[in-house]
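Before I ask anything, let me first share the structure, which is written out below as C-alpha cells.
Per-chain residue numbering starts at 1, and chain names A, B, C, D and E are given in the order in which the chains are listed.
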Amino acid sequence: MDIASFAGLGLGLFCIVFSILGSGNLMGYIDFDSVIITFGGTFAAVVFAFPFDSLMEAMKSVKYVFIYKQKDSDDIIKSIIDLANIARKEGLLALEEAAMQLKDEFLQKGIMLIVDGTDPELVRNILETELAFIEDRHKGNQSVFETMGALGPGFGMIGTLIGLINMLANLKDPSSVGPNMAVAIVTTFYGSMIANLFCTPVTNKLKIRSSQEILIKEVMLEGMLSIQAGENPRIIEEKLKAFLSPRIRKNLKDTKEQNEGVE
Amino acid sequence: MDIASFAGLGLGLFCIVFSILGSGNLMGYIDFDSVIITFGGTFAAVVFAFPFDSLMEAMKSVKYVFIYKQKDSDDIIKSIIDLANIARKEGLLALEEAAMQLKDEFLQKGIMLIVDGTDPELVRNILETELAFIEDRHKGNQSVFETMGALGPGFGMIGTLIGLINMLANLKDPSSVGPNMAVAIVTTFYGSMIANLFCTPVTNKLKIRSSQEILIKEVMLEGMLSIQAGENPRIIEEKLKAFLSPRIRKNLKDTKEQNEGVE
Amino acid sequence: MDIASFAGLGLGLFCIVFSILGSGNLMGYIDFDSVIITFGGTFAAVVFAFPFDSLMEAMKSVKYVFIYKQKDSDDIIKSIIDLANIARKEGLLALEEAAMQLKDEFLQKGIMLIVDGTDPELVRNILETELAFIEDRHKGNQSVFETMGALGPGFGMIGTLIGLINMLANLKDPSSVGPNMAVAIVTTFYGSMIANLFCTPVTNKLKIRSSQEILIKEVMLEGMLSIQAGENPRIIEEKLKAFLSPRIRKNLKDTKEQNEGVE
Amino acid sequence: MDIASFAGLGLGLFCIVFSILGSGNLMGYIDFDSVIITFGGTFAAVVFAFPFDSLMEAMKSVKYVFIYKQKDSDDIIKSIIDLANIARKEGLLALEEAAMQLKDEFLQKGIMLIVDGTDPELVRNILETELAFIEDRHKGNQSVFETMGALGPGFGMIGTLIGLINMLANLKDPSSVGPNMAVAIVTTFYGSMIANLFCTPVTNKLKIRSSQEILIKEVMLEGMLSIQAGENPRIIEEKLKAFLSPRIRKNLKDTKEQNEGVE
Amino acid sequence: MDIASFAGLGLGLFCIVFSILGSGNLMGYIDFDSVIITFGGTFAAVVFAFPFDSLMEAMKSVKYVFIYKQKDSDDIIKSIIDLANIARKEGLLALEEAAMQLKDEFLQKGIMLIVDGTDPELVRNILETELAFIEDRHKGNQSVFETMGALGPGFGMIGTLIGLINMLANLKDPSSVGPNMAVAIVTTFYGSMIANLFCTPVTNKLKIRSSQEILIKEVMLEGMLSIQAGENPRIIEEKLKAFLSPRIRKNLKDTKEQNEGVE
C-alpha cells in the first residue's frame, strides 16, 4: 500500500474542504449541472481520444498508484542467482521445475524460453520487445491522465463560459448575479482540482513506478541472458548489482558474503 | 466502427447541451456572426497554413477516427506464414498469384518486388521509405488538427475581443451590455469546444491509430524480408510474434500448434 | 502561385471584417497609436532579436508562401536519368555542357564538381554541407515568424496595459471609460491577429515548403553520387523513386516503361 | 555557503515586503485559510505525486542550494595524480591505504574496485551506472521542485476560486466585497511566490550544481581508469585537464610545472 | 557595432513612449515601489537561481549583443592557409612564431599544442572539449536571460496582486480606486517589457551569435588538425570552405584563384 498516495490525496481534500468551510459552506460547491459539464465532458473527451482498451487499462492502473508492493530487487537478484546455480549444477533443463514456482511472469516466460532451447539472440529479441511493450503500455496509461489533466480545466472553462452566457443573457434580477456567477465559477474550480489534485500527481507517480519496474525487468533480462550463457553465478551477481542504485546495493552485501561462503 | 469515438463525441455534446439547458436556452448559443469568426476564421487560417493536398487528406482522415476496422495481426501473420509456405514449396515466383489476392497494398507491393527478383537491400530500402512516408502522412494529418486546436481558441478570443470592442464603443444603452457581452463570450465558448471536444481527441486518436498501423506494417516488412531470405516458416512466425504485445500473442498460440501439427 | 495561401488569408480577413461589421464599424478598429505600439513594437523587438541579414531573408521568404512553383520531382528524376545516360555514353566530362542548361543551382553545382573530377567523398561532403545550410536558413526564416508570433500578443498586451493605465489614471469622465477601454483592447486584438492570422500559418507553410525542398535536393544528391559512381541509369531511377511518396511514384510508371523501352 | 542563494532569497523577500508596506500592511497578507489551501494543498499534491523517499531526498537537497562547498577540481586532479604516482611506484595494491584517506566516496569506491583486481570493463560499468544513478537522483530532486512550481500557482488559483465563490454566494453586504476579494487574491499571490521566488530558482540552481558535480565525477572516472591501465601520470593529467573549462585549467598551470619539475 | 540591436531597442522604446504620450503622461508609468518589486524581485530571483560567476558572465555577454565585430570567415581561412603553407615549407616548429601574432585565442592555443608535438588525438580532444565548454558557457548566458524573461512577468503579476490586495483592503475612498489600480497594473507592464522588449530579443540574438562563433571555431579546429596531418594547403582550403554557407563561399573564389596562381 502506498501510504503517501492516500495521505497526499486525503490531505489535499482536507485542505480544500477546510478552506471552503472557512468562509462558506460545502453545499455551494456541489452543483449537479457543473458536475455533468466538467467531469462528464472531460470523461467524454477522454473516451473520444483513446481506444476503449487503453482507457480500461489506464483506469485499472490507478489502483497501482494506491496499492503497490514494490518488488524487492534483493529477492529478484537472489532468485536469479539461485536459478544460475541450478543451471550450473543440473543443466538448463533443470530450470523448468524452478520456473514453475516463479511469481514474476516476465522472469518465468524468459526461463521457459531458455529451457525450450531458444536461440539466445531470439530470447533477447523477444524479451526486449516484451519490455518495450510494457513501457509503451505504461506510457499509454500516463498519457490518459496527462490528457485528462489538460482537458479538465478546458471543460471547467467551457462550463464557466456557459454559466456566464446564461447569466449575462438575462440580467433582469441583479440580486441573482452573484450566486449565478458563483455557480459558473464552480466548474473552473472542478477543472482545477481534476488537474492539480488528481491528474498531475497520478501521472507523475505512474511515471516513477514505471521506471522502477522497467529497471527491475532489465536486471532480470540481463540475468537470464547470463544464465543462458552459462556464466559464473558470482559474476552474474556483480553484473546485476551494477544496475542497482548504491543504496539498494549496500543491503545486498551480506547476501553476497553468505553466497560466497556457500560456493 | 469505433463506437468509443461516437460515444465520446455524443456524450460530450450531450453534457454541454444538458448544462446549457440547466439555466439558459440553446438559442443564445447559436449566433451567425460568432460562427463566421470562430469556425470561419479557424478554417481560413488552417487553409493558409497547409497545402491544399495535406488539408484534404487530413479531412479524409477524420473518417478513420469514427469508422475503423483494425487489421487483425493474427490474420496478417497467418497470411505471411501462408506466403512463406508457398515460397518454400513452389519457389518465389509462385507468390505472384497469391499476391494478387492480398487485400493489403503494402504487403502486395512488397511481394511483387520479391517476385520481380529485386535485390533484398533495395526491397528493404523501398518498403522502409514507403513506411516512412506513411508515418509522415499520418503526422501531417495529426498536425492539421493540432494546429486547428491551437487556432480555434485564438479566433474565439479574436471574436470575443471584437464583441467587447463593439460593445464598449457604444455603451449608451446599459441594458444591452449583458446580452452583448453574452454574445461576445460565445466565440470563446466555440473556440474552447473546437479545441477540447474535437481537435484534442481527434489528434490523439489519430496518433494511436498511426502507431498501430505502423507496427502491423513493420511486422509485414520483417516477414517479407524473411520470405525473400528463404527462412523456415516456423522461425518466421516466432520472429513476427516477438513484435506483438503479449496479449495479442496469446491468441496466436493455438494457431501455432495447429501449424506445427500440419508441417 | 499558392492559391490556398491567398484564399486562407483573404477568407480570414473577410471573416474578421464581416464579424466586426455585424455590430460595430471598422473605424473603431483603426487606431494610429495602437498600430504603433503593436506592429511597431513587435517589429522593433524582431529587429533587436535577429541580425539584419536573417531578417531580410525571412521577409523575402514570405513571398514563397504566396508565390511558389513546386519543383516537379518527375522532371528532376528525368533530368538526372538523362545526365546519367550522357555520363554513361560520353563520359563524365560530357556533363559540362548539359550542366550549363540546368535550372537548379544545387544540381548544376554538384554536376560541375563531378566534371571537375572532385573526390566523391568531398562532393558528398560539400553538397551535404550545402543542404545543411539550406535547412538552417529555412529554420532561421521560420524562427523569425515564430518569434514574431510570440511577440505580437506580448506587445498587444503591453498596448492594452498602457491603455488601461491611462484610462484608470483619469476616471473623471465616466462616459469616456467605455470608448477608452475599447481602444485599449484594440491592441490585444491586433496582437491576436498577428499571431493567429499571419505568423502561425506562415511559419507552418514555410516548414512544409522546406521539407519538400530538402527532399527534392536529397534525391538530387543521391542521383549525382550515383552518376559519379557510374551506376546503371535504370538502377539509379529505382533508387531515386524509393525517395518519393507512393502517390508521386505512380505518375512515374509510364515514364519508366517508356524509358525501359528506349534503352 | 552559497551567499548568492541567501542574498537572492533575502533580496526577493525584501522587495516584496517593501512593496507591500508601500501602500498596505503586512497583516493583510497573512491569512491562515489561504496558507492552508495554497501551501497545504501544494504540499499534499507533491506527497501524492512522489514516493516518500524521493520527497525526503528532495527536501534534503534544498540544503545544498544554500550550503555548498564546491569541490575543487584542482585538488581532485592532484589527488588522482598522487594516486597514479603511488600505483606506478608501488603497484595497484599499494592504493588501498591511500584510498582509506580519500574523502570522496565515489573515488574511494572506484579505487577499492581497482585494488580488488576487478576487470577494467566491469569497473567502468559499475562506476558509470553509479554516475547514471547519481544523475537520476539529481533529476528526481529537480523534478520535485519543478512539479511544486507548477502546482503552487494551481492551488493558488483553487484558493482564489474558493474565495470568489464564497464571496459571490453571499453578496448581501457590499462593503465586504473588497476585503473578501483581497483575501481571495492572497492565495494567488502565495502561489506566484512559491513558483517565482522559490521553486524556479531552486530547480535552476540544483540543475547547475548537478552538472558541476557530474563533471567532477567524470574526471575522477576517467582518472581511475587511466590509473588502472597504468598510464603515465603526466599524460593522465593532460587528459583530465581537457575535461575542465579553460578558466579552471589556467590555475592548474603552476601545479603542472611543479609536478614536471619533481618527476 | 550591431546597429540592428540599438535600432530595435530604440524603436521599441520609442513606440512605447509614443503610445503612452498618446493619451497619458509618462509620470504615471514611473513608480518607485513598482520598480522595486518587478525589477528588484526579478533580479533577486535570478541571483538566487544562478551562481554568481554565471550571472556576471551573462551580464557581460549583453555587451556582445550591442557591440560585436563578426569574425570574417574569409580572414580566418586565409590565416589557416598561411599557417599550412608555413608548416609545409618550414616544418611544424616554424608555426610558433606565427602563432604569436594570431589574435584568436582558440587558434593560438591549438597551434601551440601542435608546435609542442602533442598527440593529434589529444589535440582534437582538448580543442573539442574547449569548444564544448564555450558552447556550454553560451547556453548558460542564454539561459540567464530566458529565466529572467520568465520571472519578469511573474514578478510583474506579484506586484499587481499586491497592488490589488492593498487597494481592495481599503475601498473607503472610491475615487482612489482608479489611480490605485493604474499603479497596480504598472508592474505587469514592467514585467511584459522585461520579457518582450529585452529578454526575448537578447536571448535570441545571443543564440544566433553563439552558433556563428561555434561554426567559425569548428572551421579552425578542422584546419588545425589538417595542418598537423601535413595536408596540402589547397585541399585544406576546399575542406574548410565546405563548412561555410554558399553565400560566404562565393567571396572566397578570387582568393582561391589568387592562391592557386601563387602556388
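We take it that contacts are C-beta pairs under 8 Å (C-beta built on N, C-alpha and C of every residue); 3 or more make two chains touch, one makes a residue touch a chain.
Because the structure is a prediction, the values reported are computed rather than measured.
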{"item": "Chains touching both subunit C and subunit D", "value": "E"}
{"item": "Both-way neighbours, i.e. chains that touch subunit D and touch subunit B", "value": "A"}
{"item": "Rounded Å distance, subunit A centre to subunit B centre (Cα mean)", "value": "26"}
{"item": "Separation of mean Cα positions, subunit C and subunit A [Å, integer]", "value": "43"}
{"item": "Touching two or more other chains - residues of subunit D", "value": "none"}
{"item": "Cyclic ordering of chains (reference subunit A, direction subunit D)", "value": "A, D, E, C, B"}
{"item": "Contacting residues of subunit D [partner subunit E, same complex]", "value": "2-5, 7-12, 14-16, 18-20, 22-24, 28-29, 175, 178-179, 181-182, 185-186, 188-189, 192-193, 195-197, 200-202, 204-205, 208, 238-239, 242-243, 245-246"}
{"item": "Subunit B residues touching subunit C - in the complex, by the definition given at the top", "value": "33-34, 36-37, 40-41, 43-52, 54-55, 122, 125-126, 129-130, 133, 136-137, 147, 150-151, 154-155, 157-159, 161-171, 180, 183"}
